[in-house]
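In the two assemblies presented below, chain A is common to both, partnered first by chain B and then by chain C.
Up next, the complex of A and B:
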């Protein structure tokens, strides 16, 4: 728990009187007073280390100079930062640093934005030392990060960042005195999370990015503050460009929801947009091959075909798919285009792959479509329950918030995950957990039930809810009683005591946040598990308490936006129900046109209808069903049957390769708009470069279509669409520094506890089937990798250097069982097919499981079964049982 | 008008005074027009002529691609495209270097800015061309000018030179990324 204090102290800094909260460091107080005290080792994110002595100041009634970065401001303190004594001290510190500094500013990538340069300039410091400078032997450091230790000022910010913030501990100071050198742990090149944090935090040019090395000087760069396009955390990034060339990405400290921290995808993944394989011209299929065409030809062709199909088969012969990587404006316009211009509700987005499960559960239980908590609540939580998320890899920045809560605020972390605590090259969240239940993904549901059973049977049910909704409580009590502890123990391998202990921790917490990750959301029964987790919060009386809530984590950057913009079949903008007459009327009034009545088909339904010949034409915006769905769905066959397949794409994906028309779309680096992150915060996206080739933003393409189809949806710029969104969803996207989380709607909760819970309790409260694992097989799971996000990141040259291809992660015991070692080729097969890949032995994988990163898994998808959720229609294809054989 | 002034006016006295200087020059001075291009003037030592890029004694280019000349130039003559030296990790050089001499005002600021003395102002001035695009020079051309104008080259810095601001040192034995 944060000890937030409102007590303040008043002090004088260089004659300026200022009052600051108690506990503020002098250097921070000075900054607030507008006085910059030079410093190297101090950084607001890190614990004071006071090793560089650059920040010395004079404090009245204190005999010696004090380091302002480690001195806490006290009442009545008088600080002087610019006296002769202080200046001399600063100068001599600089002199000692310069004694060994190579002064290679002209070739240093930091030159022009370097603290040492600035301070030397400020104090006109030169070094009187005439001795030989130290020279470190240069060694190969890593593919993406370069060190130049001759330049190091030994402030240890990098080491402390990697340890305190990232919890990776990849760097270490080696040697003593001036010969201290920063190296990666172990006798090998740096192998870490590649978050780029050490590059950003180094005050000099001792650690630099290899990706754009020597290609620029800081003063040449043009900056654009925008939002990362990979995961749902929605980090703010500053993209720096030089003449339309993407040079580097960083993130301002105290900027955005990420507070300046990034992950490898955000920091090193930006080159995906400028990949040479981008589609730069419209393509039309002529005589079986895609040939270049002009925009007019392409749009005209699509318009003619669309009109023909519409006349012959009506609007229900159309369908639309859009990617959750598009902006809110595009998602909104897309659903408006499908619903009004075409006249069908057959539309879906990539939120269907899992995020819909979380959102629908929240809508049903608490009446919101967003989290009732924010990142700040995660940091301030005293109990955090993580279910089904390797958060470090899936949502790294939310992961940092969890780490901050645990490491700085001493929150209790409880985890239910397949991950095993182990020391590895990237941080492992279960290492920090107070109690970790290691459960196979197929049994997450059982673990959640175990927890519920422990809450109910341990008599932890909140008296309020017991009184208010006795039926609900007794129904659930009855349901959990049907489940025997023995069965639970067999399913999960966890004893009733452990469940009881975890339940007690949850109940004891005052600010409890439950984070549900993609592994849970995307697995079979994900919707039910979300509901059960919400039940858990309800029963323990936490659902409506401030700082408590349920937080499903979005995988794609704008999955949340896709749902809120109504880019799914069953929802209208504002996540209103399509079947609800009031909502329909509201939208019809806003759009001045009636909405189509026929309920729309979702992703899988559309594919099925296409293969049945009911859907004749599909508009696909940045989505790739052929590449992402398991072969069992037969998306390729279905889409080949279409009369008209239009793809707006960056790259010629598997789906685009089947298209009749491919239109070049602009990436997020090239357009304006907004993204809504996983906590429901809408943030501005700004263009960093001009659209590549002939590509145009998706909303422009859709707008042009509508004009050609004779029902114009015309907008001059993305802002006009946002204005319309605001008129439909009042106050959408406050664009402020932090989101205002909605509160759970009491009437929705009432509805849920009286009637809403009833119809599926029996189904939700049964143990998931137990798979009997045969000898020679493992449970294969698709997981998210830290270094990639979807297929998009596989076009980024930086990320490909860290992780160039698919590999199978396996536990050492299993590997030994199959006589495999890291780097061996292995053949995975089941009755559906086979797949050959390379093995990587990792201790964090539990025995009996094997993981495959999902962005390279195209080929492997044929091994997976696909189960469709009956309520939310989410296709789940995350696990498969395969036999393992060493391939030669 | 005084009598004296009247006499001066009627005798064209001012004219005579003026012509005196002319006459004396006519008799005493030799012609000063030079028969360029047959004759050429001796240039002063600090003459600022055509720019050039220089090399060290071992033939390596001095330029480290730091872009400082580009930043210093008031008329945007210079464009540097810097990069890592192929095969010599962590060493910087200018992959491409252009000077648009049509715009140069021969101020010499670029020469001053260069931290490694890679630029030199030669004593060449005969650079009139029929097509001004020929004055857009690339790195090879500028190095060639340097080669012919500065035959005596500076010695390449030693890596372990005591207390010298050393930089841009190649790490020839740097282990490459293991495959």
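Up next, the complex of A and C:
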């Protein structure tokens, strides 16, 4: 709950008078006054523990020295940190710590950025201790994290971080007294979320990263603050390099939207960019095989072929696909290239896989293409509703915001997830729920309808909206009346009482944030569910209240940017409607050229048109439709028919393998630009290393194409494109530390509640079909894994050590039914085909469901049906019914 | 599995505390009573019962010297080595064990009868040096009484010199009216 107090207290610290909010700790007040009090166990993210005794200070009228990390500043307090008594105390504490701390700084990775080293210098502490030092038997700890417990100062920051911030609780202080060491469980290697938080928060070299062990001294490293590319959260990372070598990634405390916290992908996944399989030279297909060529040859080839096809078949014979991992500058230039240089609206990005569902729903109901809330609003919410997020795996840092809201601010967490509360090796958000409804992904829609029915029938509809839009309210009331509680109970397994209870919690909230995750967004009917969740906020009167809002979570780091840059067929930069004449005129004025009129084809439409021979040429930037789409879409066959397939890629993907020209693209580690995260916050991307081999940033390649095609879109550097973006799209003016969320547009809401809701209300307020699950089958779902993000991360040696291959996660009850145990091979089959993988039994998986991580699921894709959303054209292929058989 | 054998007792223990985690030590004792020590399997099961992670159970189990993480002999000699007993000669007591039984702290005699542990304060400082054998206290130890205790334990499995047991909370009083 947000308990922001403006009350302040005034105190003196070393003679400096300072006023701080009531409740501030003395150590923090001192920091604000510019006085650094030495400490080990204190960390602003953690509750005070006062175990290291390093931060002792003198407080007037208090007889003994006090730990400043656990003492709250009070009015009129006078604190002294620089007296002889305090200094002696600090010296003594250091002497105790150094009694056991080995002097192995020359071989310690922390050397040069070690708090203990710094304080030892500061106090010139010497030790009178002559006995043998404490020595721990060294045990193997984990594939990625190294422990050297002899160096531990027992501040327990790592243990507290693992519990308080991550909610993983994988570390514990083992033993007692001096002999306390940090361990996981017995002599088992650590199995956890591998967020790297313990490595980052350790004040000494007791916990370090094995990926960069013995490779550097901190002062040898060059640093670049940039943005992680592994999900939509947009975490700030500091990439540390030695020449061209990626050494380490960390995140400055309180830096970025992630506040210095990272997940396994961000912390250990950075090696993906420097994988030896990178495409480093342009390749041209000659006599059926891709052979190395120079940039000049490749660009000339593309230009000649493009001109030839354009002359023969016109601009509509072209299409373009771009990945949501590219920078805003590249996305912007890509759509400009396709629309102006080529002359077609046939272009799409990976936002089409799900993010478009959320964005289009927001545009339709509230007239924004961004969240009306920020991460801060999540932390300060008093009610959070999560629907189909799988937040720990899919958007781990947004997950941390939710955890913070629940654990520190006592928010009420309501969850509708395909998850069972269970303690496991990674955290489980439903363990923190006040109320959790465990629903299969195919029935999320039913659960949302149940909630809406409970809001309407429980008489919770906001009087304001009832008065303003009585037609809308009565239409929805009529619609939910058509749905029987009994049917809802059969679909979801949830009783009307549970829905009523959850609806009451939502309505009671003052700051309500609804988060919709990838499982929902990528499900069949995802668009309708987003609209219904927005209806829920509208009906309960929350949509326009401050601190309330709807927050669909982006999958790729720049899916949001892709939409905002107009890198989707139906939208122009600024997420303006392509069909809107005003918007078209505005863009035409800015570009000084007319825009193509013919509506563009989306991802699946382009594949179909390629298959039909209408599209002859495709420009693909970092996308992999052949590898990502299920085989019944026949992307491979369609793309094989093309006269010209140009791929800008990091690796020779399934799609690139079919290309006529493959151009080596620079990874995000090698280029400048901006990413827009899931909240709609644009952040700077900075190069950490030079482009690998002959690779170039995608925008440079696109710009070069345009020059060779005789219609130059020339820019000297990415910044020049950003300048153009700023002139075209409002809100890209400055890259501040936090986003300014737009407010819902009242006129858009009026349009929605008067007319806009009408045409599909009957369809949206219908229960999704119930699959009859036969004996011997499970509902297979594709899910995101915490340890990977698409195919890209499978090139990261760190992440491969945690999760090297595909596995099927299933519930113990189901596993017992099929006589399966963890590690057994299993054959999944349906009438489309079969797939063999390994089983992992996990309590968090609900009965009747089984999960497959999607980055290894390519072979399994053929088992899935693909349904295209009629409104947003989003292809959904996330669930399938399969028979399960133990494979021998 | 503890649950199969002690379902009722576990339910009773869990019902005692408003916060589930509080039942951790009683459950560890239960597991120890069952096997003589607390195994990894038992710790995992207890973690499941209390919605904790195994490291959280392990943390508590390793903190208290009363919880054995390895099998112990029939008689578990727990010699207090905290300050008061140390001043009164707990090192000497440990020396007697070494000469008479041939075991040091953490070791078990080959016949499986005795295990020696050096433990933290057992709150009998006024009667130091002292040791605990299984649940019984033996206080104001001298070499003579020590010999007698060993001999009696070997012979009868018990010794009249014992005081206590002090380690167990009294059983929960019957609820009034029940």
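In this text, the second predicted complex is superposed on the first by the 883 of 888 C-alpha atoms of A that agree within 3 Å, B and C clash if a C-alpha of one lies under 4 Å from a C-alpha of the other, contacts with A are read in each partner's own complex, and residues count from 1 in each chain.
Methods note: a contact is a pair of C-beta atoms (placed from the backbone, for glycine too) under 8 Å apart; a residue touches a chain by one contact, two chains touch by 3 or more.
Here the structure is a predicted model, which means the values were calculated and not measured.
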{"item": "When both partners are placed on the shared chain, which of chain B and chain C touches more of chain A", "value": "B"}
{"item": "Partner chain(s) touched by A:106 [first = chain B, second = chain C, both, neither]", "value": "first"}
{"item": "Partner chain in contact with A:23 - chain B first, chain C second, else both or neither", "value": "neither"}
{"item": "Which superposed partner A:737 touches (first chain B, second chain C, both, neither)", "value": "neither"}
{"item": "Partner chain in contact with A:146 - chain B first, chain C second, else both or neither", "value": "first"}
{"item": "Which superposed partner A:189 touches (first chain B, second chain C, both, neither)", "value": "first"}
{"item": "Chain B versus chain C as contact partner of A:431, first or second or both or neither", "value": "second"}
{"item": "Touched partner set for A:217, first chain B, second chain C, both or neither", "value": "first"}
{"item": "Chain B versus chain C as contact partner of A:15, first or second or both or neither", "value": "neither"}
{"item": "Which superposed partner A:132 touches (first chain B, second chain C, both, neither)", "value": "first"}
{"item": "Footprint overlap on chain A, comparing chain B with chain C", "value": "none"}
{"item": "Of all residues in chain A, those that touch chain C in their complex", "value": "168-176, 183-186, 423, 431"}
{"item": "Touching residues on chain A, where the partner in the complex is chain B", "value": "102-108, 111, 129-133, 135, 138-140, 143, 146, 148, 189, 213-217, 219-220"}
{"item": "Chain C - residues contacting chain A, complex", "value": "40, 43, 47-48, 51-56, 58-59, 62-63, 120"}
{"item": "Contact footprint of chain A on chain B as seen in their complex", "value": "64-68, 71, 82-84, 89-90, 92, 115-116, 159-160, 162-163, 165-168, 171, 174-178"}
